[in-house]
Amino acid sequence: MSKSSSSYRLTFFQRNSQKIAQAVIITILVLITLPIIVGYVWLIVRSFSEDIVHGFIPTKLTLKNWRFLWQEMKGYPNIWQTTLNTFLLALGVMAIEIAITSMGGYVLSRYDFPGRSAMLKFILVLHAFPAISLMVAIFYVLWNIGLLDKLWGIILLKASLEIPWGSWIMKGFYDGIPWELEWAGLVDGYGRMKVWAKIMLPLVKPGMAVTAIFAFLSGWSEFIFVYTFIFSQKTWTLSRYVMGIIGDYRFADYGLLAAVGLFYVIPSIIFFFFVSKYMIKLTIGGVKG
Amino acid sequence: MPSIRVVNFSKYFGKVKAVDNVSFEVEDGEFVALLGPSGCGKTTTLLTLAGIYKPTAGEIYFGDQLVNDVPPKYRNIGMVFQNYALYPHMSVFENIAFPLRAKKLSKEEITKKVKTVAKKLMIDQLLDRKPMQISGGQQQRVALARALVKEPEILLFDEPLSNLDAKLRMLMRAEIKKLQSDLGITSVYVTHDQAEAMTMASRIAVFSMGKLVQYGTPDEIYDHPKNMFVAAFVGNPPMNFLKDFSVVSEGNSVYLQRGTSKLRLPDSRKGSLPEVVPEKVVVGVRPEDFRIERKEVDNGIPGTVYVLEPLGRDVIVNVRVENHEDEITKIFAEPGETFKPNERVYIVPNLEKVHLFDPETEETIL
Amino acid sequence: MMVLVAIFFAAPVVLTVILSFTDMDYSFQWNFVGLMNFEDLANDYLIPKILVNTLIYTFSTLTLFNVGTALLLSLLTTSISDRLGDFFRSLWMLPRLTPSVVYGLLWLWIFDPTKYGFINNIRAFLGLPPQDWLHTSPMLMVVIANGFIGASMGMLVFTAAIKAIPVDYFRAAMIDGASWFTIVRRITLPLIKWQILFVTAYQTLSLLTSYEYILIITDGGPVFRTEVLALYTYHTAFSNFQFGYGATLSLILVGLGVVAALIYLKLFGFEALMSKPRIEVD
């Protein structure tokens, strides 16, 4: 090898190549993310504006768009009754899902029973296979057991469709607990149920919180089932209400649309801050590496 | 080949000071080891030399040129990683050729260079295999080949031997050393294994908690450690520390005294003592600098044999010091000598070679 | 758990099959009509158009967004600092957590045919007349709206996969002088090819059977131009109340689902997930 000392004198672009690359990457990211940002900013700005010009600039601030909160819209049920229904739906789905998946996840993670691996595969398939294509039959089932047009029908349906996947998520949290902890509990003289209740359950609290939030949000946002299986206005939830408003006021009153939409999306945004951290760290397992 | 000069270099990750005001120099063609426990900042320093990290403060020079802002690809360095970082989806040939392809060399040239370097490292028969299909030692050679093929001016090693078994590690140790001295490439080698640093490097930089504690030749580090950390980290078994000795002068002589034990410091050494000595000092003695006697002798410290650790050629005798039950000294016994557990003995330090440390600052006094 | 799954999943699958041999309507009368529904299916003049729509919709959303944009997002967000990367990824998760009607509303506004719509507003700024997107390019609207939701799943999977690649591979490549594009093409993409295949398989199935956002945004219109198979099934059953024929159409979806599910089980095995429990106490 020759004894030459190379020169590290570089052009501006070479020296700053990493900084330039970063700037380019961030610019591209901002550009492709723009529709999302624009949409949500509009929703907020528009709901408080008389009218807007040039995309985002309000001509005059107003609360008129929020009138649906204190006066009933003609042909629509009371907004607070509808909001209460939405809450009941979300909480119901959440309660059932937590109760069952905290147990189901443990069983999937820690018990060896015949057909375990078949069941795990079945759950994955189930998740990929939207039950939405079974709507016709579900309609008949709900009618048959008298839960058509009932909030309970939607709660049970929604919970049962999500329990398999919820159990899978909980399984992931249980999988993360070292076997030694459970072995120690058994050696220390506890039965398996006691070990579950006293050792495992406290350790998967974060998992239960995540599952609870997702269950709540999915109940809160549910559209298709409510739209299809609920007819009486007193049983409406917000998704049905907003859908109706979109249909009736779309070209007439964007301010109202934005306000109703923003009202509906607030809990989602609040919870979003809690779960987005978890979601972006979530790894969907089961992939050959 | 350029020299490397690191001047007042610091690297913070948020509030964590990974490296704190470190300066050292690596001469043209020299082999320097960065030694220290995990988390001491040695790997951060290496990655900064590579250009992967940028200094928070300070300067890095290659030759006389500041390279702080120079991206890795323009630094002309070769690097060997701890897990080798061989791309699993490429064949051995493709792995070695990767740096040449980035330089856009012609096909013939790439093939020629890859074959030459593969031959030198005795992996030319493995070129079609995938990294997963060859042994750890072979993967190591491929990683070396990939670092060397671009004819770098600086070689960086990040604990390259820590994943090999003990036997292979000894073999590769010698081989890397030979290769480096043949090629004369300026090299920096990160390791937590003091034996590796001692055997391979011409100079060692000992790191602790983000700071460079001592920089010197292996002999300097071993014989004149700058503080108790270096003294304990380098050498196996580590240096023995006997606490709570006082330095007393009686007439012309200087003694190290603790209870009934009284050690006379040779005249040749007492002159090196500083004027002010702390009230209590720690006496440091290497395992090979003790002698074990069965009868009471001058400079002897009484104790009982605690346990024996035969190593085949040598025996390490563990002696529990009387009245200081927490001090278990490890001593290489003279060949042929045999001891039994619980035997009463006197351990005699070679006072020409003892070290004295300040227990507060842990700095070396003598 | 098993009871609920039985009532709302197993029973409906069986029922769907049985119902497809009846002409049940809103009166819930069981009236078996043999293969009539299947003959109707063969003679349904809308079916070819709907199948073409379904293919266009699935294929474009999949390639442009659910895999394409997802890949772009994961590659870009892993090339910048974790904090910024997390920020952009979070933004892309927002649509998924937004109630579908509100999300639909945002796109209805962006594509509004009057000057109030976002795109037409920009066009007005450039001196162009407003355009009626619903009539000029309804399929594009549907694909984009779905894509901005669909991209997030692939983004998460690919990001996790990229982060699982030992960082030393990238360092080694940087030292060896590879550019960002070379690293992506020669190292990142080959190392996440299984994940790409997985997301492709998974999203194909879910796109084939999804219709919620189409229902909200165009409701299949104008004149069936965005009517896909799943939506047609829904309309048949719940707008025209032909439950029997609706069930027959559902069967196609169920069949597609089963085939796709089998393919990806075969491809991905999932053996790693099936590791045996290490306690044999009950």
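All chains are identified by letter, namely A, B and C, in their written order; residue positions are counted from 1 within each chain.
Just so we're on the same page, a contact is a pair of C-beta atoms (placed from the backbone, for glycine too) under 8 Å apart; a residue touches a chain by one contact, two chains touch by 3 or more.
A quick note: this is a predicted structure, and the numbers were derived from the prediction, not measured.
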{"item": "Per-chain Cα centre nearest the global Cα centre, belonging to chain", "value": "A"}
{"item": "Pair sharing more residue contacts (C-beta pairs) when A-B is set against B-C", "value": "B-C"}
{"item": "Rounded Å distance between chain A and chain C, as computed from the means of their C-alpha atoms", "value": "16"}
{"item": "Chain A-chain B separation of Cα centroids, rounded to whole Å", "value": "53"}
{"item": "Geometric centre distance via CA averages, chain C-chain B, whole Å", "value": "57"}
{"item": "Of all residues in chain B, the ones touching two or more other chains", "value": "71, 75"}
{"item": "Per-residue overlap in chain C, given as positions that touch at least 2 other chains", "value": "none"}
{"item": "Chain B residues within the chain A interface of the complex", "value": "1-2, 62-63, 65-67, 69-71, 74-76, 151, 153, 183-185"}
{"item": "Residues of chain A defined as touching chain C within the complex", "value": "21-22, 25-26, 28-29, 32-33, 35-40, 42-43, 54-55, 100, 103-104, 109-112, 116-117, 120-121, 124-126, 128-141, 143, 145, 156-157, 159-161, 163-164, 167, 179, 182-183, 186, 192, 217, 220-221, 223-224, 228, 238-239, 242-243, 246, 250-251, 254, 257-258, 261, 264-265, 268-269, 271-272, 275-277, 279-280, 282-289"}
{"item": "Footprint of chain B on chain A - complex, ascending", "value": "1, 3, 5-10, 14-18"}
{"item": "Touching residues on chain C, where the partner in the complex is chain A", "value": "1, 4-5, 7-9, 11-13, 15-16, 19, 24, 28, 69, 72-73, 76-77, 79-80, 84, 86, 88-95, 97-102, 104-110, 114, 116, 118, 121-122, 125, 144, 148, 153, 156-157, 159-161, 164, 180, 194-195, 198, 202, 205-206, 209-212, 215-216, 230, 233-234, 237-238, 243, 246-247, 250, 253-254, 257, 260-261, 264-265, 268-270, 272-274, 276-282"}
{"item": "Chain C-facing residues of chain B, complex", "value": "47, 50-52, 71-73, 75, 77-79, 81-83, 85, 87-90, 98-99, 102-103, 146, 150"}
